[in-house]
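Please find the structures below.
Shared between the two complexes below is chain A, which pairs with chain B and chain C, respectively.
Showing the complex of A and B:
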């Protein structure tokens, strides 16, 4: 037993070392930095205790960025999974070209983010020449065609629509892979017993897919909380405060843009809050989603 | 005879020996590390690369290693310097580098090198610079930045559109400006192009109005007021009302509230709009969009009624070199900077990169000739947000830009803008420590 333990530890050691060096140490270092007023340019860091965290509480832009992030997490998550389930059910209903549809729905996940942001902000949402405006006008929906999808009032919702469109495909593929594992005999037996599609969905599909759904929701939560690339690139030259997420605002405050704000200590405090939020959300989700595993 | 020959050889060798020592010590290999804000394929980078090659050819013992980082250069330099990496000199937009590396005390003062004679003129090299550019970001008389690219902030306009509606001379006063906008609107143009998401374009309307009404430094003084009460000065309410007037009258078309860069400026390039308040890079950015016969013009922000400022006071975006304080080779870097500042090299930058430059006797590209004239005639120059970006970046970015943008896009009224600035700025200074 002792020899076995020693063997296990020996094999675990390299990976653990890498984990400590590239994750644990930087995370602890970041936590330490968050208690300082530091620009990052030199060693002149001034200890300020919890001042950075107190300032977060008063910072309207941070509060707005956190609100945006949580909206993406919750509202975005509900819509993504709702659409993913709907498309999964449709694709599994026996239609022809299932694999082709699945590939098309998954396609945005393999296209570069910068190409997607350009497509949405220029080709689709352009107030004059955009596909959406002209398509709506062509369909006779004149009042809808005058909507400025990238005005300050609408830009966040428009960006979220694009984020949802990009992400739905990934979760469709995830759910379909899970559904493919469910024995068809269960559905046949249910049909014989008189179950309809909705009943089969709630009584068979969802319970047997529960662990896949849990993994999917946790993945979505982590990605939604730390989302950066799309909001950053959506407004080409510099991110708009209306589309700030916590990760974007952290970058603005810590890494300097055209205005040279270099508050690395403050930005790190945001990072710590973000990590704690992720941990809290994952813990809550794991508890809420816990149920007995059904073997089949 | 043999002894004479031997003696002669020994004598020649003895005489030649110090020369050999002198030559080898004077030709010590010097490596200079340069981190650049340009991407390698950009015309400005290619010009700088040619400068480096020419300088190295003239100074075979000097090797300049360039790293083309792109616009995040200062952020990357920060990390590298913290990690102990050797970087000798860098370049960047002057406003951010002044508020970054220079403010952190990492820049070498350049006064002594600027007092040296220029390579191609019998005068101190500081005298070949366009007036105002060297001192703009000086700190207590010390110059830390060696500017080389000069961008002006002006209204860049379609000369044919203006001529079509009978505007022979660009407007010089606010009243003439509004009149010009109305004529353009009546003729079917969008008078002014604007972007909804570029706050540092939008703020130029406030910066210029503050400077025209109150003089250079007035906005900066306002930003420095710890109570924020200077925002109650009537000029700021007037400036905000003037801004809304441009929108309310349709001079800035309503769909501009949804234009994400570069959608707004594209409308100028394709002839839908007539002008835009922006940097002198615009004609070059739109070079592939405009028709071949498009004639560019630029005019200064108009004078405001009863304003204390001069219409020739000019906002500039400078791009500058900076020498890292701890470099071991300041002499060689200074020689390189003097080399690039010759008329020939500056003209090459102006011709090949189609940008304005900071040397007086250089001709700019025809598209931005009005920028050159504005630079030559400038009564004073000032930086972004009247210097506020360099000195108070967080106040400017997180409070001024945000609130002005809300005003610009109609989310708040002029009165709300003033009150919000008073409150937010007071809170900022109270917490600034």
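Showing the complex of A and C:
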């Protein structure tokens, strides 16, 4: 028994040490730092209580960043899941080559985000040789082909399209794996009882897939709220305020881009708001999804 | 002898008709799936093709094949910024990190999933909860910590950050995998007088090798493409990884407008993960739901 205790301790020690020092400690430290006005890594921090949070509330750029982040979370989420569901149904409709299609749809997930941002902002949206412009012109949609997809008023929507395209593949894979676990006898029995495709989808697929859907929505929420890389690198040189998310604004405040700002306490307060949002969203989702399951 | 009669032409045509009917029924599904896939493949293929053109050809005839492949673009991409160094940095950082991640996560995941002890469930929850923490929260406090340890803007520092922050996800998928392993072999080994360590090294770890491979692929691809932590912890001329290098290249070529060479840079960063994906995509795809199978 004592040997077993020693095994538990030795096996858990390296992971616990790193996790506590480089993950838990900085996370707690962030909460502490968010109560300070702190401009550098020397000891000039001044305790200001909830001041940083009060300022965030009045900071227009933060509100815009938050609204962009929530737009990605909610509008993006609805579209991503809608498309993922639609493609999953098509893939499971008895066609050939479903694994091949799935592999291609998932492909963007393994490409470096920095390559994908360049691909979209340059290869697809470029106003002269861009694929979208040329594709639209080829289809005879001349008036659409003159749209400037990276202009300040369009850039956020253009970015959303790219983010959706990347993520759909991941959720297709997730949903398909869930559907593959549903026993086919259920569908056969339902067919014998005269159920049609729509009925089978709502009475068998959705309820039995509920756990997978829940995991998927929680994953999407966490990833959408912390989204940084795509908005940061979508525009060259400096991220555009039109595509700021909370994570990008945090980075700009803390580390700056061309012009460092170094408002460390303020930036960290954004991180804390982000975590609180994650926790809130996960709690709400758990409630909502659980109630639905009891209805069945 | 001739118990199997050859299919008559009638039967054949009926079968073909059935198949045709099925195909027609599926036309909308094929159309949409082909459209989606074609867009993805075309966009990536177009970049690869354009990386062999001159920028002037790119502007004049965006959709035409390159008259003759222009490999100078790769030369420019490789040398406009110090790509060979960035490539080497990525190889070093990613391979050492992946090995360390597995060495550290696997024993922890094993103990958490196979050995019952007080608080094991709570501990698993604490470890996996890290997946919900957005990295940006850690940017500043972790940077301050690394500064105290004199590890900012260094490759060992970046490796340390990568390993630590990859633990929650890796432990999550590995516990999901260990839990599915049968306990008979474990019990038999204990009866045969194996120590707990021997059970782990000789029985469980080999059994878990498919799970370990999946975890390794995910971490390799994730870290190879990783960008935000490298930006915070290693964004100097000497320590940049390939992702940061491509970003630097893009900013450098922005002024000259040499898009074709930029596309060559994209191809350089994409090739390793795409090759791994082509070979191991089934392994990866099946791994996505591994952790949630509990």
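Following the convention adopted for this analysis, the second predicted complex is superposed on the first by the 267 of 296 C-alpha atoms of A that agree within 3 Å, B and C clash if a C-alpha of one lies under 4 Å from a C-alpha of the other, contacts with A are read in each partner's own complex, and residues count from 1 in each chain.
In this text, a residue touches a chain if its C-beta (ideal position, glycine included) is under 8 Å from a C-beta of that chain, and two chains touch if they have at least 3 such contacts.
Bear in mind that the values here come from a model prediction, so they are computed numbers and not experimental data.
Visitor: Following the overlay on chain A, give me a clash-or-fit verdict for chain B and chain C.
Guide: Partners clash after overlay.
Visitor: Applying the document's definition of touch, where does A:125 land relative to chain B and chain C: first, second, both, or neither?
Guide: first
Visitor: Touching A:268 in the superposition: chain B (first), chain C (second), both, neither?
Guide: In the superposition, A:268 contacts chain C only.
Visitor: Pick one for A:152: touches chain B only (first), chain C only (second), both, or neither.
Guide: first
Visitor: With both complexes overlaid on chain A, does A:208 touch chain B (first), chain C (second), both or neither?
Guide: neither
Visitor: When both complexes are superposed, which of chain B and chain C contacts more residues belonging to chain A?
Guide: Counting contacted residues of chain A, the larger count belongs to C.
Visitor: For A:95, is the partner it touches chain B (first), chain C (second), both, or none of the two (neither)?
Guide: After superposing on A, A:95 lies in contact with chain C but is clear of chain B.
Visitor: Looking at A:256, would you say it contacts chain B, chain C, both, or neither? Reply first, second, both or neither.
Guide: first
Visitor: Once the shared chain is lined up, is A:247 touching chain B (first), chain C (second), both, or neither of them?
Guide: In the superposition, A:247 contacts chain C only.
Visitor: After superposition on the shared chain, which partner residues are touched by A:39: those of chain B (first), chain C (second), both, or neither?
Guide: first
Visitor: On the A-aligned overlay, A:61 touches which partner chain: chain B = first, chain C = second, or both, or neither?
Guide: first
Visitor: Check chain A for residues that touch chain B in one structure and chain C in the other, and list them.
Guide: 41, 122, 126, 128, 236-237, 255
Visitor: For chain A, which residues count as touching chain C in their complex?
Guide: For chain A paired with chain C, touching residues are 3-5, 7-8, 10-12, 14-16, 18-19, 21-23, 25-27, 29-30, 33, 41, 86-87, 90-91, 93-95, 99, 101-108, 110-115, 118-119, 122-124, 126, 128-131, 134, 165, 170, 173-174, 177-178, 211-212, 215, 222, 225-226, 228-229, 232-233, 236-237, 246-247, 250-251, 254-255, 264, 267-268, 270-272, 274-275, 278-279, 282.
Visitor: Any idea which chain B residues touch chain A in the complex?
Guide: It is residues 72, 74-75, 78-79, 81-82, 93, 95-101, 103-106, 196-200, 254-263, 267, 384, 389-390, 393-394, 396-398, 401-402, 405-406, 409, 411, 427, 431, 433 of chain B that touch chain A.
Visitor: Spell out the part of chain C that touches chain A in their complex, as residue ranges.
Guide: Residues 22, 26, 28-30, 32-33, 36-37, 39-44, 46-47, 50, 58-59, 62-63, 103-105, 107-108, 110-112, 115, 117, 123, 127, 130-145, 147, 160-161, 163-165, 167-168, 171, 195-197, 200, 221, 224-225, 227-228, 231-232, 242-244, 246-247, 250-251, 254, 259, 262-263, 266, 269-270, 273-274, 276-277, 281-282, 284-286, 288-289, 292 of chain C touch chain A in their complex.
Visitor: Taking the touch rule as given, give the residues of chain A at its contact with chain B in the complex, in rising order.
Guide: Residues 37, 39-42, 51, 55, 58, 61, 121-122, 125-128, 148-155, 234-238, 240-241, 252-253, 255-263.
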